[in-house]
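As written, the chains take the letters A, B, C and D, and residue 1 is the first residue of each chain.
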Amino acid sequence: MPKGPGEKRQWQFLERMLLIRRFEETVVKMATDGHFRGHYHLYIGQEGTGVPAIAALKRKDFLATTHRNHGHILARGADPGAGLAEILGRATGLNGGRGGTIHLCEPKLGFLSTSGVVGGCISLAVGGGYACAQRRDGSVTMALFGDGALEEGVSYEALNIAALWHLPVIFMCENNSAGAMGMAKGGYPSLVHASKNLLLIPKSMGIKSVRVDGVDAAAVHAATTRAISLCRSGRGPVFIEAMTPRWAGSDPLWPELATGITDLRMATGGAVPTGKHQAWFEHYDPVLRLARELANGGEESVHRLSALDEATRKRIADAADFALASPLPAPETALNHVFVQEASA
Amino acid sequence: MPKGPGEKRQWQFLERMLLIRRFEETVVKMATDGHFRGHYHLYIGQEGTGVPAIAALKRKDFLATTHRNHGHILARGADPGAGLAEILGRATGLNGGRGGTIHLCEPKLGFLSTSGVVGGCISLAVGGGYACAQRRDGSVTMALFGDGALEEGVSYEALNIAALWHLPVIFMCENNSAGAMGMAKGGYPSLVHASKNLLLIPKSMGIKSVRVDGVDAAAVHAATTRAISLCRSGRGPVFIEAMTPRWAGSDPLWPELATGITDLRMATGGAVPTGKHQAWFEHYDPVLRLARELANGGEESVHRLSALDEATRKRIADAADFALASPLPAPETALNHVFVQEASA
Amino acid sequence: MSKQSYAAALVDALHDAMRSDPRVSIIGGYVLGLGPQRTLTDRLKQDFPDRVFDPPTSEAGNAAVGVGASMAGMRPFVDLGTASFSYLAWSQLTNEAAVAHYMTNGRLTAPVTFHMLHGVRGGGAAQHSQSPHAMLWNAPGLEIVAPSTAADAYGLIRTALASPNPTMLVSHAKLLGIETEVSEKKSAIPFGVADIKRRGRDVTVVATSLMVPYCLTAAEALAKDGIEVELVDPRTLVPLDEKTIIESVSRTGRLVVVDECPLRGGIASEIAATVAERGFKHLKAPIVRVTRPDTPVPFSLPLENFVTPDPEKIAAAVRGALKAG
Amino acid sequence: MSKQSYAAALVDALHDAMRSDPRVSIIGGYVLGLGPQRTLTDRLKQDFPDRVFDPPTSEAGNAAVGVGASMAGMRPFVDLGTASFSYLAWSQLTNEAAVAHYMTNGRLTAPVTFHMLHGVRGGGAAQHSQSPHAMLWNAPGLEIVAPSTAADAYGLIRTALASPNPTMLVSHAKLLGIETEVSEKKSAIPFGVADIKRRGRDVTVVATSLMVPYCLTAAEALAKDGIEVELVDPRTLVPLDEKTIIESVSRTGRLVVVDECPLRGGIASEIAATVAERGFKHLKAPIVRVTRPDTPVPFSLPLENFVTPDPEKIAAAVRGALKAG
């Protein structure tokens, strides 16, 4: 039985994690079907980090994310229909079709601009923390970024500034390089860093730093909650490294649905994990792991799980319908929003 | 009695250190007399680091330096007349008058371009190390830079690359922030870093790192010699932090000759350190410190010291005469050397 | 009317903006460089001790902090120091600040103001003499402001700090100490409105920043020979007041563009191209550009002078433009 | 004569250069991006395993390593990836590589070659679609090369890697897969020599990179209406073959400049300004620029198409240029 958040919170986590999973599965299908172009990045396998971390924030807090943003946006409560529509470049998308998969952003939920420039997120988030500190209202900013961001010098500058000025920033580093093959082997980039222990980097600047199992939602939530409360009381920043083993589908250069459509019955005993990805299903899939814990609650829980899954699939199916039915933006609107309209007028 | 380099080597060190001291004293005078414009940076107080560190290099090795380069250039054997001429913007200067104080460079002694951009030196030097590694001739590159360079992200990127590829680079960080007042108090910038121990930064990337007393020429030489031999045998890079207390004249925003013209008799007993800078004269002035050690050798040494001083003063006076008598470059030559001439023709 | 230095007006603008808007803060330890004006900023630190920050030498990080803070509702003024160092923050300027509003379909704003000391300052050599704002003109989404007088500096800075858009404000290092007339009550000046700094019938000269006083000096010398220069100072490159420039050319038929950037891809080229495209019919003679030649800036004074536009070169170019066509 | 893709020619050039010069090495893990051509570089790694490096995501650091290594006698080819990321290495390009030779009075050289994938690639949005080389044109000291065909790519890359100067080489992401004719023995092409890609009497069109094939398509459509376009491809911006451009305008009297950069401060503006200054007397009509409007690049296809020059827009602009004047 898990310690930490109560069962109610676990169900809330699972609901969001499953929503992300079904969303991402749909994204792969849409890419395969040729509904959008270009490179994209999935959050599958990292739901156990983003959801409980973001759940620990308050409404007034700020966030910044990266090219791998889908999960973060949904975890914070953005509309999945508007998310899919954005990925398809539709007028109804979160960014009106101007951003695409790499730049999903929901300002009204506190997101700063979603930068696809590695290192962009972490440094913008320090600006968010600066604003929180100036405001003196106990708000904080969370940066959710990949391990690769620590290859960029600006990240290091940003950590130093946050440390110097004691800014309320939670640096949530999602290290998904374990198991990744990397560019050298023809796959997606994985960490190219001389450090064998990334926590030594923030620690060299005196930043409080912890490592957590990113598959374990409860552990992530507990660590994040502690970090946030330190930041709110002026004892920030805090650096968290969440270890999330690379999902097989995110290892090749172009994502693929390596582990198939997630079968929740693997958590409830209705299906038995086998094959090449057996270990993934049994240990590393954060959705199955949390579902399994909840399924331990007995038959009622198993029913609730399957009802939740059905509702989630329905919600995502509706979102996909909405997105696919949405219009493309009118071409000439491309000239709008270079500047705030009243200023350029 | 010092361990490490023998007495002969100590005399060699002192000769260069004194040359630098007299050179820099002359630079202040030339600035005060209005012979050149703009900001400049003196190496006084750091001679005990640059001279023995550079003496440990071989002819085939490369170096990179910064805005505070005068000492490094002279330590490596550049002509003081051409150095002063460059500071005055004369045609006979090291850079033909195109660089000025911030960019003194002597390519034929192995110097890469002297960048005044903080962080420029350290990152260019990693390129030097890359060239050495490609060449496989056992050569190394030494970067001589200030503690402030560790505020720039590119320095961190460069350290990472050097560590990843095991490049033969000696990172010689001259930390002169101890005792500095910094911009906040109206003085010259001093370190704005959250780290209380700069060595933790290279260490976070697995780089061998040591701290050394930068006033102690023998200690610097020993540490550098060890570092170079590690690099030559493919076990680089190595990071050395040399602690050099801030010379009072380098503390205000614009340099001044705070401790006067160095009086070597303070080392030989012919004059007694007093006043505000007594501690400096007694403990922190690397020239006086080494001179004092050598003066211990007895009367003959004392004579030799004063003869050396006289010769050095003469050499710098000649250099100054040369520089002041040198012509300014012909205006229209400003159009030359944008590209290698044969290519642009 | 009294006189004030550009630097003093700049500090006045910052002080007034900080007093009237608690969201304004300053990230930057030496907004006026290391020269004699630098102590003018002391009163900002004294009066707003919690809102003036001496950051590390981390141009990219400092700029990013400004951009992020502006997205979270603040109005930071980020000083990047000597303009050549803005290159270290180039991605934050172009990839982040300039595009955030557009990329979010207008849902986010990034009302940060950047400042830097540009230009050939006298002995700055190749790494302390640049004017990078010409390049930024090719990064849509940034307002670009280059005042030439104390009054313009005050008025444009107030507008920058009130603007909902990201703004790059450049001050020429050699302008800081120059005193010009200011009215008793200085006030904000809207962006996109050129100022005709001198009226004249014979030739239109367009210039910004330090080149404006240089052109005024040249114009006085030319006036002695009966040549009347009309000097248009766009004051902001983005937005650009094309109309005033083209109208002036429609009266004079001749255009000389003066700018301290290197020739290729510089400010002068953009103004010249705009008129060659949209004011062609008014042109009686070739457009003339007075700029730095395409070399880095050398340290030594005779070399630096050789490559830098000055009143004599400007006057000579104007005479040439009047002879041609 | 056979056909070859731009990407294959680029790899041939790298391979031949590495074989003939042991000082050449590659710093960059994905010189051809993530698209289908990417595996073409495998043979470089196979044949020169000690001279191809997969660096960290550290554009500034990687660029600096290239610059420093070149000063120490090497000839590195540093790939900066998607061109927008070159902004992270901007100081290394402008403050270091461009000025080292000048600042040392010609005593040091920095023969590094940089490469990046520029341009509106289809869905790249605001941060993966830029063409930063127009900006670099304002940083004297860098050679700038923008090939448009396989033969030019091969020939210019060989010249870049043999050049004693720092060179920025840009490849349009959409050019990689385009096949064009190459002769049996490909050879080096000198910098500063424009190539007239099509002869015509009615109007001079100047374009580089992907805009060259776009202009050829437009020219064919126009030829059906009896309009004969002369298409000049400068191939290198630095050095620029002004002479060939102005001679062409002297024959046609009309100039259209096509470029994918945003309008202000872009390549088109510099070419237009040059002709307005030095070829004015030949001009019968206003110069026309066909460029992106001054917006960031939006993701969605209809928006992206709206802002990007294409053969139809080019043809329409040429027709407009012929009507005017």
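Descriptive notes on the structure:
To be clear about the criterion, contacts are C-beta pairs under 8 Å (C-beta built on N, C-alpha and C of every residue); 3 or more make two chains touch, one makes a residue touch a chain.
A quick note: this is a predicted structure, and the numbers were derived from the prediction, not measured.
Taking each chain's centre as the mean of its CA atoms, A is the chain most distant from subunit B. By number of C-beta pairs in contact, A-C leads when A-C and A-D are compared.
If you average the CA atoms of subunit A and of subunit C, the two centres end up 41 Å from each other. Look at where the CA atoms of subunit B average out and do the same for subunit C: the two points lie 37 Å apart. If you average the Cα atoms of subunit C and of subunit D, the two centres end up 30 Å apart.
In subunit A, the residues that reach two or more other chains under the touch definition are 95, 97-99, 103, 115, 117, 151-154, 157, 160, 164, 192-193, 338. Touching two or more other chains at once are residues 55-56, 58, 60-61, 84-85, 88, 91, 95, 99, 102-103, 125-127, 140-141, 294-296, 298 of subunit D. Residue ranges of subunit B in contact with subunit A, taken from their complex: 151-157, 159-160, 163-164, 192-197, 200-201, 203-207. Of all residues in subunit C, only 29-30, 34, 38-39, 54-58, 60-61, 84-85, 88, 121-128, 293-296, 298-307 touch subunit B in the complex they form. Taken in their complex, subunit C has these residues touching subunit A: 23, 25, 51, 53, 55-56, 58, 60-62, 64-74, 76, 91-92, 95-96, 99-110, 140-141, 143, 163-165, 191, 239. Subunit A makes touch with subunit C in their complex at residues 62, 64, 95-99, 103, 105, 107-108, 112-113, 115, 117, 120, 123-132, 134-135, 141, 153-154, 157-158, 160-161, 164-165, 336-344. For subunit C in complex with subunit D, the touching residues are 60, 84-85, 87-88, 90-91, 93-95, 98-99, 102-103, 125-127, 130, 134-141, 237-238, 240, 261-262, 264-270, 272-278, 280-281, 283, 285-289, 294-296, 298, 325.
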